[in-house]
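Please see the structure below; I have some questions.
Going by the order they are written in, the chains are A, B, C and D; count residues from 1 in each one.
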Amino acid sequence: MSTATPALENTARIRVRYAETDQMGVAYYGNYFTWFEVARVEWCKAAGFNYRDMEREDGALLVVAEATCRYRAPARFDDELAVRTFVTKARSRMVAFGYEVRKVETDELLATGETSHLICGPDMKPRTLPEKYRVRFGL
Amino acid sequence: MSTATPALENTARIRVRYAETDQMGVAYYGNYFTWFEVARVEWCKAAGFNYRDMEREDGALLVVAEATCRYRAPARFDDELAVRTFVTKARSRMVAFGYEVRKVETDELLATGETSHLICGPDMKPRTLPEKYRVRFGL
Amino acid sequence: MSTATPALENTARIRVRYAETDQMGVAYYGNYFTWFEVARVEWCKAAGFNYRDMEREDGALLVVAEATCRYRAPARFDDELAVRTFVTKARSRMVAFGYEVRKVETDELLATGETSHLICGPDMKPRTLPEKYRVRFGL
Amino acid sequence: MSTATPALENTARIRVRYAETDQMGVAYYGNYFTWFEVARVEWCKAAGFNYRDMEREDGALLVVAEATCRYRAPARFDDELAVRTFVTKARSRMVAFGYEVRKVETDELLATGETSHLICGPDMKPRTLPEKYRVRFGL
(Lines give C-alpha, C1' and ligand atoms only; values in the text may rest on other atoms or scores of the structure.)
Protein backbone atom coordinates (compact mmCIF):
# COMPACT_ATOMS: atom_id res chain seq x y z
CA MET A 1 0.00 0.00 0.00
CA SER A 2 1.45 3.37 -0.96
CA THR A 3 1.96 6.05 1.66
CA ALA A 4 -0.45 8.31 -0.17
CA THR A 5 -3.46 6.00 0.08
CA PRO A 6 -3.60 4.22 3.44
CA ALA A 7 -6.19 1.52 3.99
CA LEU A 8 -8.52 2.32 1.10
CA GLU A 9 -10.17 -1.06 1.54
CA ASN A 10 -11.40 -2.96 4.56
CA THR A 11 -13.65 -5.95 5.20
CA ALA A 12 -16.05 -6.00 8.14
CA ARG A 13 -17.55 -9.16 9.59
CA ILE A 14 -21.24 -9.05 10.54
CA ARG A 15 -23.47 -11.80 11.92
CA VAL A 16 -27.15 -11.60 10.82
CA ARG A 17 -29.36 -11.01 13.84
CA TYR A 18 -32.77 -12.58 14.41
CA ALA A 19 -34.16 -9.05 14.67
CA GLU A 20 -32.93 -8.41 11.14
CA THR A 21 -34.95 -11.20 9.55
CA ASP A 22 -38.52 -10.77 8.33
CA GLN A 23 -41.38 -13.15 7.69
CA MET A 24 -39.89 -14.15 4.32
CA GLY A 25 -37.25 -15.90 6.43
CA VAL A 26 -34.45 -13.67 5.12
CA ALA A 27 -32.78 -10.44 6.19
CA TYR A 28 -35.00 -7.40 5.59
CA TYR A 29 -33.72 -5.22 2.75
CA GLY A 30 -33.38 -2.06 4.82
CA ASN A 31 -30.85 -3.67 7.16
CA TYR A 32 -28.17 -3.79 4.48
CA PHE A 33 -27.85 -0.02 4.88
CA THR A 34 -27.16 -0.47 8.59
CA TRP A 35 -24.52 -3.05 7.70
CA PHE A 36 -22.99 -0.56 5.24
CA GLU A 37 -22.80 1.92 8.15
CA VAL A 38 -21.09 -0.62 10.41
CA ALA A 39 -18.64 -1.43 7.61
CA ARG A 40 -18.00 2.27 6.98
CA VAL A 41 -17.20 2.89 10.64
CA GLU A 42 -14.77 -0.04 10.57
CA TRP A 43 -13.26 1.28 7.36
CA CYS A 44 -12.51 4.53 9.18
CA LYS A 45 -10.69 2.61 11.92
CA ALA A 46 -8.68 0.70 9.33
CA ALA A 47 -7.87 4.05 7.71
CA GLY A 48 -6.47 5.31 10.99
CA PHE A 49 -9.23 7.33 12.66
CA ASN A 50 -12.48 6.96 14.56
CA TYR A 51 -15.60 8.27 12.87
CA ARG A 52 -16.86 9.08 16.38
CA ASP A 53 -13.97 11.47 16.93
CA MET A 54 -14.34 12.98 13.47
CA GLU A 55 -17.91 13.95 14.44
CA ARG A 56 -17.30 14.85 18.05
CA GLU A 57 -13.90 16.50 18.02
CA ASP A 58 -13.65 17.86 14.51
CA GLY A 59 -17.29 18.61 13.78
CA ALA A 60 -17.28 16.81 10.45
CA LEU A 61 -20.30 14.57 9.72
CA LEU A 62 -20.69 12.25 6.75
CA VAL A 63 -24.32 13.00 5.85
CA VAL A 64 -25.76 10.48 3.41
CA ALA A 65 -26.79 12.04 0.10
CA GLU A 66 -27.60 8.85 -1.81
CA ALA A 67 -27.67 5.14 -1.04
CA THR A 68 -28.21 2.13 -3.29
CA CYS A 69 -28.23 -1.61 -2.75
CA ARG A 70 -28.58 -4.41 -5.31
CA TYR A 71 -29.70 -7.71 -3.83
CA ARG A 72 -28.49 -10.91 -5.52
CA ALA A 73 -29.19 -13.62 -2.97
CA PRO A 74 -30.74 -13.50 0.49
CA ALA A 75 -28.82 -13.32 3.74
CA ARG A 76 -30.29 -15.49 6.49
CA PHE A 77 -30.30 -15.56 10.29
CA ASP A 78 -26.90 -16.36 11.82
CA ASP A 79 -25.09 -16.11 8.46
CA GLU A 80 -21.69 -14.53 8.84
CA LEU A 81 -21.22 -11.80 6.28
CA ALA A 82 -18.06 -10.15 4.97
CA VAL A 83 -18.68 -6.58 3.85
CA ARG A 84 -15.82 -5.36 1.68
CA THR A 85 -15.73 -1.55 1.81
CA PHE A 86 -13.79 0.86 -0.33
CA VAL A 87 -13.74 4.55 -1.22
CA THR A 88 -15.01 5.16 -4.75
CA LYS A 89 -14.78 8.92 -4.75
CA ALA A 90 -13.24 11.55 -2.50
CA ARG A 91 -13.50 15.29 -2.91
CA SER A 92 -13.02 18.09 -0.40
CA ARG A 93 -16.79 18.28 0.10
CA MET A 94 -18.01 14.71 -0.53
CA VAL A 95 -16.92 11.11 -0.31
CA ALA A 96 -18.46 7.90 -1.65
CA PHE A 97 -18.11 4.29 -0.62
CA GLY A 98 -18.73 1.01 -2.40
CA TYR A 99 -19.66 -2.26 -0.69
CA GLU A 100 -19.71 -5.96 -1.51
CA VAL A 101 -21.55 -8.28 0.84
CA ARG A 102 -20.51 -11.93 0.76
CA LYS A 103 -21.59 -14.94 2.78
CA VAL A 104 -18.40 -16.07 4.50
CA GLU A 105 -19.23 -19.78 4.48
CA THR A 106 -19.60 -20.00 0.71
CA ASP A 107 -18.02 -16.72 -0.51
CA GLU A 108 -21.27 -16.16 -2.42
CA LEU A 109 -21.88 -12.53 -3.39
CA LEU A 110 -25.17 -11.51 -1.77
CA ALA A 111 -25.32 -7.80 -2.49
CA THR A 112 -23.45 -4.76 -3.72
CA GLY A 113 -24.06 -1.14 -2.85
CA GLU A 114 -22.90 2.45 -2.74
CA THR A 115 -23.39 5.41 -0.47
CA SER A 116 -22.34 8.99 -1.14
CA HIS A 117 -21.92 11.54 1.60
CA LEU A 118 -21.68 15.27 1.96
CA ILE A 119 -19.26 16.59 4.55
CA CYS A 120 -21.37 18.69 6.94
CA GLY A 121 -20.94 20.50 10.22
CA PRO A 122 -23.02 19.72 13.33
CA ASP A 123 -25.52 22.25 11.92
CA MET A 124 -25.98 19.93 8.89
CA LYS A 125 -24.51 22.59 6.57
CA PRO A 126 -21.88 21.60 3.98
CA ARG A 127 -18.26 22.20 4.87
CA THR A 128 -14.92 20.89 3.67
CA LEU A 129 -13.24 17.79 5.03
CA PRO A 130 -10.78 18.80 7.78
CA GLU A 131 -7.19 18.76 6.60
CA LYS A 132 -6.12 15.84 8.80
CA TYR A 133 -8.67 13.47 7.26
CA ARG A 134 -7.82 14.22 3.61
CA VAL A 135 -4.93 11.84 3.37
CA ARG A 136 -7.09 9.16 5.00
CA PHE A 137 -9.45 9.36 2.05
CA GLY A 138 -6.59 9.44 -0.45
CA LEU A 139 -6.98 13.16 -1.16
CA MET B 1 -62.41 15.36 31.62
CA SER B 2 -61.71 16.94 34.99
CA THR B 3 -59.48 19.99 35.21
CA ALA B 4 -57.14 18.20 37.59
CA THR B 5 -56.32 15.22 35.43
CA PRO B 6 -56.45 16.01 31.72
CA ALA B 7 -56.19 13.15 29.25
CA LEU B 8 -54.63 10.56 31.52
CA GLU B 9 -55.43 7.87 28.99
CA ASN B 10 -55.07 7.68 25.24
CA THR B 11 -55.16 4.93 22.62
CA ALA B 12 -52.77 4.98 19.67
CA ARG B 13 -53.33 3.03 16.46
CA ILE B 14 -50.33 1.29 14.94
CA ARG B 15 -50.10 -0.91 11.85
CA VAL B 16 -47.51 -3.73 12.04
CA ARG B 17 -44.82 -3.17 9.41
CA TYR B 18 -43.18 -5.90 7.36
CA ALA B 19 -39.84 -4.68 8.74
CA GLU B 20 -41.12 -5.44 12.22
CA THR B 21 -41.74 -9.12 11.57
CA ASP B 22 -39.10 -11.81 12.01
CA GLN B 23 -38.63 -15.29 10.61
CA MET B 24 -41.11 -16.72 13.15
CA GLY B 25 -43.71 -14.88 11.07
CA VAL B 26 -44.66 -12.58 13.95
CA ALA B 27 -43.61 -9.15 15.19
CA TYR B 28 -40.16 -9.18 16.82
CA TYR B 29 -40.35 -8.69 20.58
CA GLY B 30 -38.15 -5.61 20.69
CA ASN B 31 -40.54 -3.65 18.48
CA TYR B 32 -43.18 -3.44 21.19
CA PHE B 33 -40.94 -0.95 22.97
CA THR B 34 -40.92 1.24 19.86
CA TRP B 35 -44.71 1.00 19.77
CA PHE B 36 -44.80 2.04 23.42
CA GLU B 37 -42.76 5.10 22.45
CA VAL B 38 -45.13 5.98 19.61
CA ALA B 39 -48.07 5.58 21.99
CA ARG B 40 -46.33 7.72 24.64
CA VAL B 41 -45.73 10.54 22.16
CA GLU B 42 -49.40 10.41 21.17
CA TRP B 43 -50.40 10.37 24.84
CA CYS B 44 -48.49 13.65 25.26
CA LYS B 45 -50.45 15.19 22.39
CA ALA B 46 -53.72 14.02 23.92
CA ALA B 47 -52.55 15.52 27.21
CA GLY B 48 -52.06 18.86 25.51
CA PHE B 49 -48.38 19.14 24.65
CA ASN B 50 -45.78 17.88 22.19
CA TYR B 51 -43.01 15.73 23.58
CA ARG B 52 -40.78 17.27 20.89
CA ASP B 53 -41.30 20.73 22.38
CA MET B 54 -40.82 19.46 25.91
CA GLU B 55 -37.35 18.26 24.87
CA ARG B 56 -36.44 21.10 22.55
CA GLU B 57 -37.91 24.14 24.21
CA ASP B 58 -38.02 23.16 27.84
CA GLY B 59 -34.99 20.88 28.05
CA ALA B 60 -36.88 18.10 29.80
CA LEU B 61 -36.22 14.57 28.53
CA LEU B 62 -38.06 11.42 29.60
CA VAL B 63 -35.09 9.06 29.94
CA VAL B 64 -36.15 5.42 30.26
CA ALA B 65 -35.13 3.84 33.57
CA GLU B 66 -36.97 0.54 33.22
CA ALA B 67 -39.10 -1.15 30.59
CA THR B 68 -41.10 -4.37 30.67
CA CYS B 69 -43.34 -6.17 28.22
CA ARG B 70 -45.41 -9.32 28.73
CA TYR B 71 -46.37 -11.07 25.50
CA ARG B 72 -49.65 -13.00 25.41
CA ALA B 73 -50.30 -13.57 21.72
CA PRO B 74 -48.31 -12.62 18.64
CA ALA B 75 -48.90 -9.55 16.50
CA ARG B 76 -48.58 -10.20 12.79
CA PHE B 77 -47.79 -8.20 9.66
CA ASP B 78 -50.49 -5.69 8.73
CA ASP B 79 -52.40 -6.19 11.99
CA GLU B 80 -53.86 -2.96 13.27
CA LEU B 81 -53.02 -2.52 16.94
CA ALA B 82 -54.62 -0.32 19.58
CA VAL B 83 -52.12 0.68 22.27
CA ARG B 84 -53.94 2.01 25.34
CA THR B 85 -51.57 4.25 27.28
CA PHE B 86 -51.95 5.67 30.77
CA VAL B 87 -49.84 7.26 33.47
CA THR B 88 -49.30 4.90 36.38
CA LYS B 89 -47.08 7.13 38.48
CA ALA B 90 -46.06 10.79 38.38
CA ARG B 91 -43.58 12.48 40.68
CA SER B 92 -41.61 15.67 40.26
CA ARG B 93 -38.57 13.66 39.11
CA MET B 94 -40.06 10.57 37.43
CA VAL B 95 -43.12 9.38 35.56
CA ALA B 96 -44.30 5.92 34.59
CA PHE B 97 -46.64 4.67 31.87
CA GLY B 98 -48.66 1.51 31.43
CA TYR B 99 -49.66 0.01 28.07
CA GLU B 100 -52.14 -2.51 26.74
CA VAL B 101 -51.74 -3.70 23.17
CA ARG B 102 -54.84 -5.14 21.51
CA LYS B 103 -55.50 -6.39 18.00
CA VAL B 104 -58.21 -4.07 16.70
CA GLU B 105 -59.95 -6.66 14.53
CA THR B 106 -60.65 -9.05 17.42
CA ASP B 107 -60.01 -6.89 20.51
CA GLU B 108 -57.66 -9.66 21.66
CA LEU B 109 -55.11 -8.56 24.27
CA LEU B 110 -51.66 -9.21 22.77
CA ALA B 111 -49.37 -7.63 25.32
CA THR B 112 -49.10 -5.40 28.37
CA GLY B 113 -46.16 -3.32 29.47
CA GLU B 114 -44.72 -0.53 31.57
CA THR B 115 -41.99 2.04 31.20
CA SER B 116 -40.64 4.31 33.90
CA HIS B 117 -38.72 7.47 33.14
CA LEU B 118 -36.45 9.90 34.91
CA ILE B 119 -36.85 13.56 34.04
CA CYS B 120 -33.43 14.67 32.78
CA GLY B 121 -31.88 17.72 31.18
CA PRO B 122 -30.15 17.63 27.78
CA ASP B 123 -27.00 16.70 29.74
CA MET B 124 -28.80 13.50 30.84
CA LYS B 125 -28.69 14.63 34.48
CA PRO B 126 -31.84 14.37 36.62
CA ARG B 127 -33.96 17.47 37.02
CA THR B 128 -37.55 18.22 38.02
CA LEU B 129 -40.45 18.28 35.61
CA PRO B 130 -41.01 21.87 34.46
CA GLU B 131 -43.98 23.51 36.17
CA LYS B 132 -46.13 23.75 33.06
CA TYR B 133 -46.08 19.99 32.48
CA ARG B 134 -47.03 18.98 36.02
CA VAL B 135 -50.75 19.35 35.57
CA ARG B 136 -50.49 17.38 32.33
CA PHE B 137 -49.25 14.43 34.32
CA GLY B 138 -51.88 14.92 37.01
CA LEU B 139 -49.38 16.37 39.50
CA MET C 1 -54.89 7.41 -16.23
CA SER C 2 -56.73 4.80 -18.29
CA THR C 3 -59.69 2.91 -16.87
CA ALA C 4 -57.60 -0.25 -17.02
CA THR C 5 -55.10 1.02 -14.47
CA PRO C 6 -56.75 1.75 -11.13
CA ALA C 7 -54.92 3.58 -8.37
CA LEU C 8 -51.44 3.73 -9.87
CA GLU C 9 -50.56 6.39 -7.32
CA ASN C 10 -51.12 6.68 -3.60
CA THR C 11 -49.77 8.84 -0.79
CA ALA C 12 -49.06 7.36 2.63
CA ARG C 13 -48.77 9.43 5.79
CA ILE C 14 -45.97 8.51 8.20
CA ARG C 15 -44.96 10.14 11.48
CA VAL C 16 -41.21 10.02 12.26
CA ARG C 17 -40.62 7.97 15.40
CA TYR C 18 -38.07 8.76 18.10
CA ALA C 19 -36.57 5.31 17.45
CA GLU C 20 -35.94 6.36 13.87
CA THR C 21 -33.73 9.33 14.76
CA ASP C 22 -29.99 9.07 15.32
CA GLN C 23 -27.46 11.16 17.16
CA MET C 24 -27.29 13.65 14.27
CA GLY C 25 -30.79 14.61 15.43
CA VAL C 26 -32.37 13.49 12.15
CA ALA C 27 -33.98 10.31 10.82
CA TYR C 28 -31.41 7.58 10.11
CA TYR C 29 -30.95 6.97 6.38
CA GLY C 30 -31.88 3.29 6.49
CA ASN C 31 -35.37 4.05 7.80
CA TYR C 32 -36.47 5.57 4.52
CA PHE C 33 -36.51 2.05 3.09
CA THR C 34 -38.90 0.96 5.83
CA TRP C 35 -41.10 3.94 4.99
CA PHE C 36 -41.01 2.92 1.33
CA GLU C 37 -42.27 -0.51 2.43
CA VAL C 38 -45.10 1.01 4.47
CA ALA C 39 -46.03 3.19 1.50
CA ARG C 40 -45.89 0.19 -0.87
CA VAL C 41 -48.23 -1.82 1.34
CA GLU C 42 -50.65 1.11 1.39
CA TRP C 43 -50.32 1.46 -2.37
CA CYS C 44 -51.48 -2.15 -2.69
CA LYS C 45 -54.56 -1.37 -0.60
CA ALA C 46 -55.33 1.66 -2.74
CA ALA C 47 -54.91 -0.57 -5.79
CA GLY C 48 -57.53 -2.93 -4.44
CA PHE C 49 -55.66 -5.76 -2.70
CA ASN C 50 -53.75 -6.60 0.44
CA TYR C 51 -50.07 -7.42 0.04
CA ARG C 52 -50.51 -9.78 3.00
CA ASP C 53 -53.05 -11.83 1.07
CA MET C 54 -50.93 -11.77 -2.08
CA GLU C 55 -48.15 -13.44 -0.07
CA ARG C 56 -50.26 -15.72 2.06
CA GLU C 57 -53.05 -16.81 -0.24
CA ASP C 58 -51.47 -16.51 -3.66
CA GLY C 59 -47.85 -17.30 -2.84
CA ALA C 60 -46.51 -14.26 -4.66
CA LEU C 61 -43.78 -12.28 -2.88
CA LEU C 62 -42.30 -8.97 -4.01
CA VAL C 63 -38.63 -9.67 -3.33
CA VAL C 64 -36.49 -6.53 -3.48
CA ALA C 65 -33.85 -6.64 -6.23
CA GLU C 66 -32.63 -3.07 -5.96
CA ALA C 67 -33.32 -0.06 -3.78
CA THR C 68 -32.13 3.54 -3.99
CA CYS C 69 -32.79 6.67 -1.99
CA ARG C 70 -31.60 10.23 -2.61
CA TYR C 71 -31.68 12.46 0.45
CA ARG C 72 -32.30 16.18 -0.07
CA ALA C 73 -33.20 17.46 3.38
CA PRO C 74 -33.43 15.71 6.74
CA ALA C 75 -36.63 14.39 8.30
CA ARG C 76 -36.86 15.00 12.03
CA PHE C 77 -38.63 13.45 15.01
CA ASP C 78 -42.41 13.92 14.93
CA ASP C 79 -42.41 15.30 11.39
CA GLU C 80 -45.41 14.11 9.41
CA LEU C 81 -44.30 12.78 6.04
CA ALA C 82 -46.27 12.22 2.86
CA VAL C 83 -44.80 9.40 0.77
CA ARG C 84 -46.15 9.55 -2.78
CA THR C 85 -45.88 6.09 -4.32
CA PHE C 86 -46.31 5.04 -7.92
CA VAL C 87 -45.53 2.11 -10.19
CA THR C 88 -42.70 2.91 -12.57
CA LYS C 89 -42.48 -0.46 -14.30
CA ALA C 90 -44.59 -3.59 -14.37
CA ARG C 91 -43.75 -6.82 -16.16
CA SER C 92 -45.02 -10.35 -15.61
CA ARG C 93 -41.93 -11.15 -13.53
CA MET C 94 -40.97 -7.82 -11.94
CA VAL C 95 -42.43 -4.54 -10.77
CA ALA C 96 -40.81 -1.26 -9.73
CA PHE C 97 -42.01 1.59 -7.56
CA GLY C 98 -41.00 5.24 -7.27
CA TYR C 99 -41.34 7.34 -4.12
CA GLU C 100 -41.33 11.00 -3.17
CA VAL C 101 -41.08 11.89 0.50
CA ARG C 102 -42.35 15.34 1.50
CA LYS C 103 -42.69 17.05 4.85
CA VAL C 104 -46.41 17.70 5.16
CA GLU C 105 -46.11 20.94 7.11
CA THR C 106 -44.04 22.70 4.44
CA ASP C 107 -44.47 20.46 1.37
CA GLU C 108 -40.67 20.38 1.18
CA LEU C 109 -39.27 17.46 -0.82
CA LEU C 110 -37.03 15.50 1.54
CA ALA C 111 -36.16 12.44 -0.52
CA THR C 112 -36.88 10.44 -3.64
CA GLY C 113 -36.35 6.76 -4.21
CA GLU C 114 -37.02 3.62 -6.20
CA THR C 115 -37.33 -0.06 -5.44
CA SER C 116 -37.52 -2.87 -7.96
CA HIS C 117 -38.90 -6.29 -7.12
CA LEU C 118 -38.85 -9.78 -8.54
CA ILE C 119 -42.05 -11.78 -8.22
CA CYS C 120 -41.08 -14.92 -6.27
CA GLY C 121 -42.79 -17.89 -4.69
CA PRO C 122 -42.51 -18.75 -0.99
CA ASP C 123 -39.36 -20.70 -1.97
CA MET C 124 -37.82 -17.37 -3.13
CA LYS C 125 -37.70 -18.63 -6.73
CA PRO C 126 -38.92 -16.34 -9.54
CA ARG C 127 -42.45 -16.87 -10.81
CA THR C 128 -44.96 -14.79 -12.75
CA LEU C 129 -47.41 -12.39 -11.17
CA PRO C 130 -50.74 -14.19 -10.61
CA GLU C 131 -53.35 -13.25 -13.18
CA LYS C 132 -55.64 -11.46 -10.77
CA TYR C 133 -52.94 -8.95 -9.76
CA ARG C 134 -51.90 -7.99 -13.27
CA VAL C 135 -54.58 -5.41 -13.83
CA ARG C 136 -53.74 -3.94 -10.42
CA PHE C 137 -50.28 -3.15 -11.68
CA GLY C 138 -51.58 -1.84 -15.01
CA LEU C 139 -50.51 -4.94 -16.94
CA MET D 1 -20.53 -25.36 38.10
CA SER D 2 -21.31 -29.09 37.98
CA THR D 3 -20.19 -31.25 35.08
CA ALA D 4 -23.83 -31.72 34.14
CA THR D 5 -24.30 -28.04 33.31
CA PRO D 6 -21.91 -26.90 30.56
CA ALA D 7 -21.48 -23.22 29.74
CA LEU D 8 -24.28 -21.75 31.83
CA GLU D 9 -22.71 -18.35 31.36
CA ASN D 10 -21.31 -16.52 28.36
CA THR D 11 -20.32 -12.97 27.53
CA ALA D 12 -21.03 -11.49 24.11
CA ARG D 13 -19.26 -8.45 22.70
CA ILE D 14 -21.37 -5.90 20.86
CA ARG D 15 -20.37 -2.59 19.31
CA VAL D 16 -23.06 0.14 19.42
CA ARG D 17 -24.11 1.07 15.89
CA TYR D 18 -24.91 4.58 14.69
CA ALA D 19 -28.35 3.26 13.67
CA GLU D 20 -28.93 2.33 17.29
CA THR D 21 -28.49 5.86 18.63
CA ASP D 22 -31.31 8.37 18.87
CA GLN D 23 -31.45 12.14 19.06
CA MET D 24 -30.64 12.07 22.79
CA GLY D 25 -27.18 11.01 21.60
CA VAL D 26 -27.43 7.61 23.31
CA ALA D 27 -28.55 4.12 22.32
CA TYR D 28 -32.34 3.85 22.00
CA TYR D 29 -33.87 1.79 24.79
CA GLY D 30 -35.50 -0.78 22.53
CA ASN D 31 -32.16 -1.88 21.10
CA TYR D 32 -31.09 -3.50 24.37
CA PHE D 33 -33.60 -6.24 23.64
CA THR D 34 -31.93 -6.89 20.29
CA TRP D 35 -28.59 -7.07 22.09
CA PHE D 36 -30.10 -9.56 24.54
CA GLU D 37 -31.10 -11.67 21.53
CA VAL D 38 -27.60 -11.52 20.06
CA ALA D 39 -26.17 -12.49 23.46
CA ARG D 40 -28.70 -15.36 23.79
CA VAL D 41 -27.75 -16.76 20.40
CA GLU D 42 -24.09 -16.65 21.41
CA TRP D 43 -24.93 -18.27 24.74
CA CYS D 44 -26.44 -21.18 22.79
CA LYS D 45 -23.21 -21.57 20.82
CA ALA D 46 -21.18 -21.53 24.04
CA ALA D 47 -23.58 -24.14 25.41
CA GLY D 48 -22.85 -26.39 22.45
CA PHE D 49 -25.64 -25.86 19.94
CA ASN D 50 -26.90 -23.40 17.34
CA TYR D 51 -30.23 -21.73 18.03
CA ARG D 52 -30.73 -21.72 14.25
CA ASP D 53 -30.59 -25.52 14.19
CA MET D 54 -32.82 -25.83 17.24
CA GLU D 55 -35.51 -23.94 15.31
CA ARG D 56 -34.89 -25.38 11.88
CA GLU D 57 -34.03 -28.99 12.58
CA ASP D 58 -35.76 -29.66 15.86
CA GLY D 59 -38.76 -27.36 15.56
CA ALA D 60 -38.24 -25.80 18.98
CA LEU D 61 -38.62 -22.03 19.18
CA LEU D 62 -37.86 -19.85 22.20
CA VAL D 63 -40.89 -17.55 22.08
CA VAL D 64 -40.51 -14.53 24.36
CA ALA D 65 -43.12 -14.39 27.12
CA GLU D 66 -41.71 -11.49 29.09
CA ALA D 67 -38.81 -9.08 28.78
CA THR D 68 -37.46 -6.45 31.14
CA CYS D 69 -34.55 -4.05 31.06
CA ARG D 70 -33.31 -1.66 33.74
CA TYR D 71 -31.15 1.17 32.43
CA ARG D 72 -28.45 2.58 34.72
CA ALA D 73 -26.23 4.58 32.41
CA PRO D 74 -26.43 5.26 28.69
CA ALA D 75 -24.57 3.35 25.99
CA ARG D 76 -23.19 5.54 23.24
CA PHE D 77 -22.19 5.16 19.60
CA ASP D 78 -19.11 2.99 19.07
CA ASP D 79 -19.01 1.85 22.71
CA GLU D 80 -17.98 -1.77 23.02
CA LEU D 81 -20.38 -3.62 25.28
CA ALA D 82 -19.97 -6.91 27.14
CA VAL D 83 -23.30 -8.66 27.65
CA ARG D 84 -22.99 -11.36 30.31
CA THR D 85 -25.73 -13.93 29.77
CA PHE D 86 -26.88 -16.73 32.04
CA VAL D 87 -29.80 -19.07 32.48
CA THR D 88 -31.91 -18.12 35.50
CA LYS D 89 -34.58 -20.77 35.13
CA ALA D 90 -35.02 -23.89 33.03
CA ARG D 91 -38.09 -26.10 32.93
CA SER D 92 -39.27 -28.59 30.33
CA ARG D 93 -41.61 -25.95 28.87
CA MET D 94 -39.86 -22.64 29.57
CA VAL D 95 -36.44 -21.10 30.06
CA ALA D 96 -35.33 -17.71 31.33
CA PHE D 97 -32.15 -15.70 30.84
CA GLY D 98 -30.53 -12.89 32.78
CA TYR D 99 -28.25 -10.25 31.28
CA GLU D 100 -25.73 -7.68 32.47
CA VAL D 101 -24.55 -5.06 30.03
CA ARG D 102 -21.20 -3.42 30.78
CA LYS D 103 -19.12 -0.88 28.91
CA VAL D 104 -15.89 -2.71 28.18
CA GLU D 105 -13.64 0.34 28.40
CA THR D 106 -14.64 1.18 31.98
CA ASP D 107 -16.41 -1.98 33.18
CA GLU D 108 -19.32 0.28 34.14
CA LEU D 109 -22.64 -1.54 34.50
CA LEU D 110 -25.03 0.06 32.01
CA ALA D 111 -28.07 -2.19 32.23
CA THR D 112 -29.48 -5.43 33.53
CA GLY D 113 -32.34 -7.45 32.13
CA GLU D 114 -34.28 -10.69 31.90
CA THR D 115 -36.21 -12.53 29.25
CA SER D 116 -38.41 -15.57 29.76
CA HIS D 117 -39.36 -17.87 26.93
CA LEU D 118 -41.93 -20.55 26.21
CA ILE D 119 -40.75 -23.51 24.18
CA CYS D 120 -43.04 -23.60 21.12
CA GLY D 121 -43.31 -25.49 17.87
CA PRO D 122 -43.23 -23.77 14.46
CA ASP D 123 -47.02 -23.42 14.88
CA MET D 124 -46.33 -21.21 17.95
CA LYS D 125 -48.01 -23.77 20.24
CA PRO D 126 -46.26 -24.77 23.50
CA ARG D 127 -44.25 -27.98 23.47
CA THR D 128 -41.50 -29.47 25.61
CA LEU D 129 -37.82 -28.84 25.08
CA PRO D 130 -36.37 -31.65 22.92
CA GLU D 131 -34.39 -34.17 24.96
CA LYS D 132 -31.03 -33.32 23.44
CA TYR D 133 -31.22 -29.67 24.57
CA ARG D 134 -32.15 -30.38 28.20
CA VAL D 135 -28.63 -30.94 29.43
CA ARG D 136 -27.57 -27.77 27.62
CA PHE D 137 -29.93 -25.81 29.84
CA GLY D 138 -28.84 -27.69 32.94
CA LEU D 139 -32.04 -29.78 33.09
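Keep in mind that, in the parts below, a contact is a pair of C-beta atoms (placed from the backbone, for glycine too) under 8 Å apart; a residue touches a chain by one contact, two chains touch by 3 or more.
Bear in mind the structure is a predicted one, so any value in this text is a computation, not a measurement.
Copies subunit A and subunit C of the same chain sequence form an interface built mainly from equivalent positions, shared numbers / all numbers used being over half.
Seen from the Cα centre of subunit A, the chain whose own Cα centre is farthest off is B.
Mean C-alpha position of subunit A lies 25 Å from that of subunit C.
Once the centre of each chain is set as its mean CA position, subunit A and subunit B turn out to be 34 Å apart.
Remark: subunit B and subunit C have CA centroids separated by 28 Å (rounded to whole angstrom).
In subunit C, the residues touching two or more other chains are 18-19, 24, 26, 30, 34, 37, 77. Interface residues of subunit B, counted against subunit D in their complex, comprise 24, 26, 29-31, 33-34, 37, 61, 63-71, 74, 115, 124. Within the complex, the subunit A residues that touch subunit B are 18-19, 21-26, 28, 30, 77. Of all residues in subunit B, those touching subunit C in their complex are 15, 17-19, 34, 37-38, 41, 50-52, 77-78.
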